[in-house]
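Which chain is which? They are A, B, C, D, E, F and G, in the order written, and residues in each are numbered from 1.
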Amino acid sequence: MTSDRPLDLLNEAKNKRVMVELKNKQRYVGILKAFDIHINTVIDEAQEIDEEGNPKRSIGKVFLRGDTIVIISSQ
Amino acid sequence: MTSDRPLDLLNEAKNKRVMVELKNKQRYVGILKAFDIHINTVIDEAQEIDEEGNPKRSIGKVFLRGDTIVIISSQ
Amino acid sequence: MTSDRPLDLLNEAKNKRVMVELKNKQRYVGILKAFDIHINTVIDEAQEIDEEGNPKRSIGKVFLRGDTIVIISSQ
Amino acid sequence: MTSDRPLDLLNEAKNKRVMVELKNKQRYVGILKAFDIHINTVIDEAQEIDEEGNPKRSIGKVFLRGDTIVIISSQ
Amino acid sequence: MTSDRPLDLLNEAKNKRVMVELKNKQRYVGILKAFDIHINTVIDEAQEIDEEGNPKRSIGKVFLRGDTIVIISSQ
Amino acid sequence: MTSDRPLDLLNEAKNKRVMVELKNKQRYVGILKAFDIHINTVIDEAQEIDEEGNPKRSIGKVFLRGDTIVIISSQ
Amino acid sequence: MTSDRPLDLLNEAKNKRVMVELKNKQRYVGILKAFDIHINTVIDEAQEIDEEGNPKRSIGKVFLRGDTIVIISSQ
């Protein structure tokens, strides 16, 4: 049996590599360490990437406020 | 008897192919796996498509934050 | 006696033809099947129309997230 | 004694002619039939008007989502 | 002793002349008749003014939805 | 022992001179008289200043709706 | 055992040097002194920096309203 709640499915990506796209068009890749019901999210080993996926800057561990997030995709 | 609550009707589209349009104009097609009352949504086999419906990129399973969604249509 | 609550009045339009205008300027016409207190709305036999009312595309049954809606008018 | 709550004062305008201005700059005139605490509003005999107050289109009974409204003025 | 809650201080301006500035840059002057915790506000003898403070139009009693308001200043 | 809650730290600035920056880019300086959990704020002896910190207009006591505020800094 | 809640991870950065990026593109560096569940945040020894990380102005202790924050990264 599999869950059909979005946050359960997001939970499957924990400690795995994800890409997060923000409303301001920024994209980050890194390891999904934590999220909550507001989709506040912590990413470790985070890199901001450009539209082609090339790294722009490495910024370690980042806290992303949930209401700025559009998409979280697993990689 | 049929339900007349929007989320019940959205539930009929579960595990079926849908198109999701976002406030930032992005469009995704894929299999609707999950949603919640905030319309946080998980789509599997997701593809971003352009305005003509042609695929731009394949991104597997994605979590879409509910407040970025404008429309979900079944296909 | 008639109700004076907006959602009761919106309820009178159920199963009737409505036009929905969104914050992103899109307009849809179709049969109002369901709505909830957030004004999440399901329209059946939906067509996106242009400013002159001409159909741009037919998209069947659509779920519209409430916070994207500006106006719902009966026709 | 007069009430000093905004919704009580808005209630005085019920069944009277009002102008509603929206965040998207649209202006509507018509008879205020209903509103709720979110300022979701139903206007009957509604006309969209331009900046000079000239009618642009007649649209009968409309439901306006509260969060799109800037001002409601009595006429 | 004086209160140090914003709404108590706003209450001191009731029935006095205020200027209200909105997110859409509009400015109104008039008599503050009512407000609530959402800062929904009713202004009587309202005039829309331009940036120099010159009246653009007189609109009597207006209801301003709280989330459109930036500043209320006493005059 | 010092508190580590943001509003407690903001409280230390009460009755002191602060600068408030708004989402619409306006900046105000004045005496912080009151704020609440929404960051609705009352400033006395308020002056709108330009980017260089020069006064543009004096507006006495102002109520600033919390959701328009970006930063409050002590001076 | 480590926590997997975003605010617990943010707590690890308390009293350490962080960079905060706002929705209006401003960036601040300073010592994270406090935050709450809304991500209202107090930064001490704050400096606004430009895109290259060069200081633009020093502003001491600042209160940042949570809904303006995009990212908080440790340094």
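Assume contacts are C-beta pairs under 8 Å (C-beta built on N, C-alpha and C of every residue); 3 or more make two chains touch, one makes a residue touch a chain.
Computed from a predicted structure; not experimentally measured.
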- Chains touching chain E and chain G alike, please list them. F
- Roughly how many whole angstrom separate the Cα centroids of chain C and chain F? 42
- Message: Between chain A and chain C, what distance separates the C-alpha centroids? Give it in angstrom.
- Response: 34
- Considering chain B alone, which of its residues make contact with at least two other chains? 67
- Could you walk the ring starting from chain B, turning first toward chain C, and list the chains encountered? B, C, D, E, F, G, A
- Message: Per the contact definition, I'd like the list of chain B residues that touch chain C in the complex.
- Response: 3-10, 13, 19, 23, 39, 66-67, 69-75
- Of all residues in chain E, those that touch chain D in their complex: 14, 22, 24, 26, 33-36, 40-42, 46, 59-65, 67-68
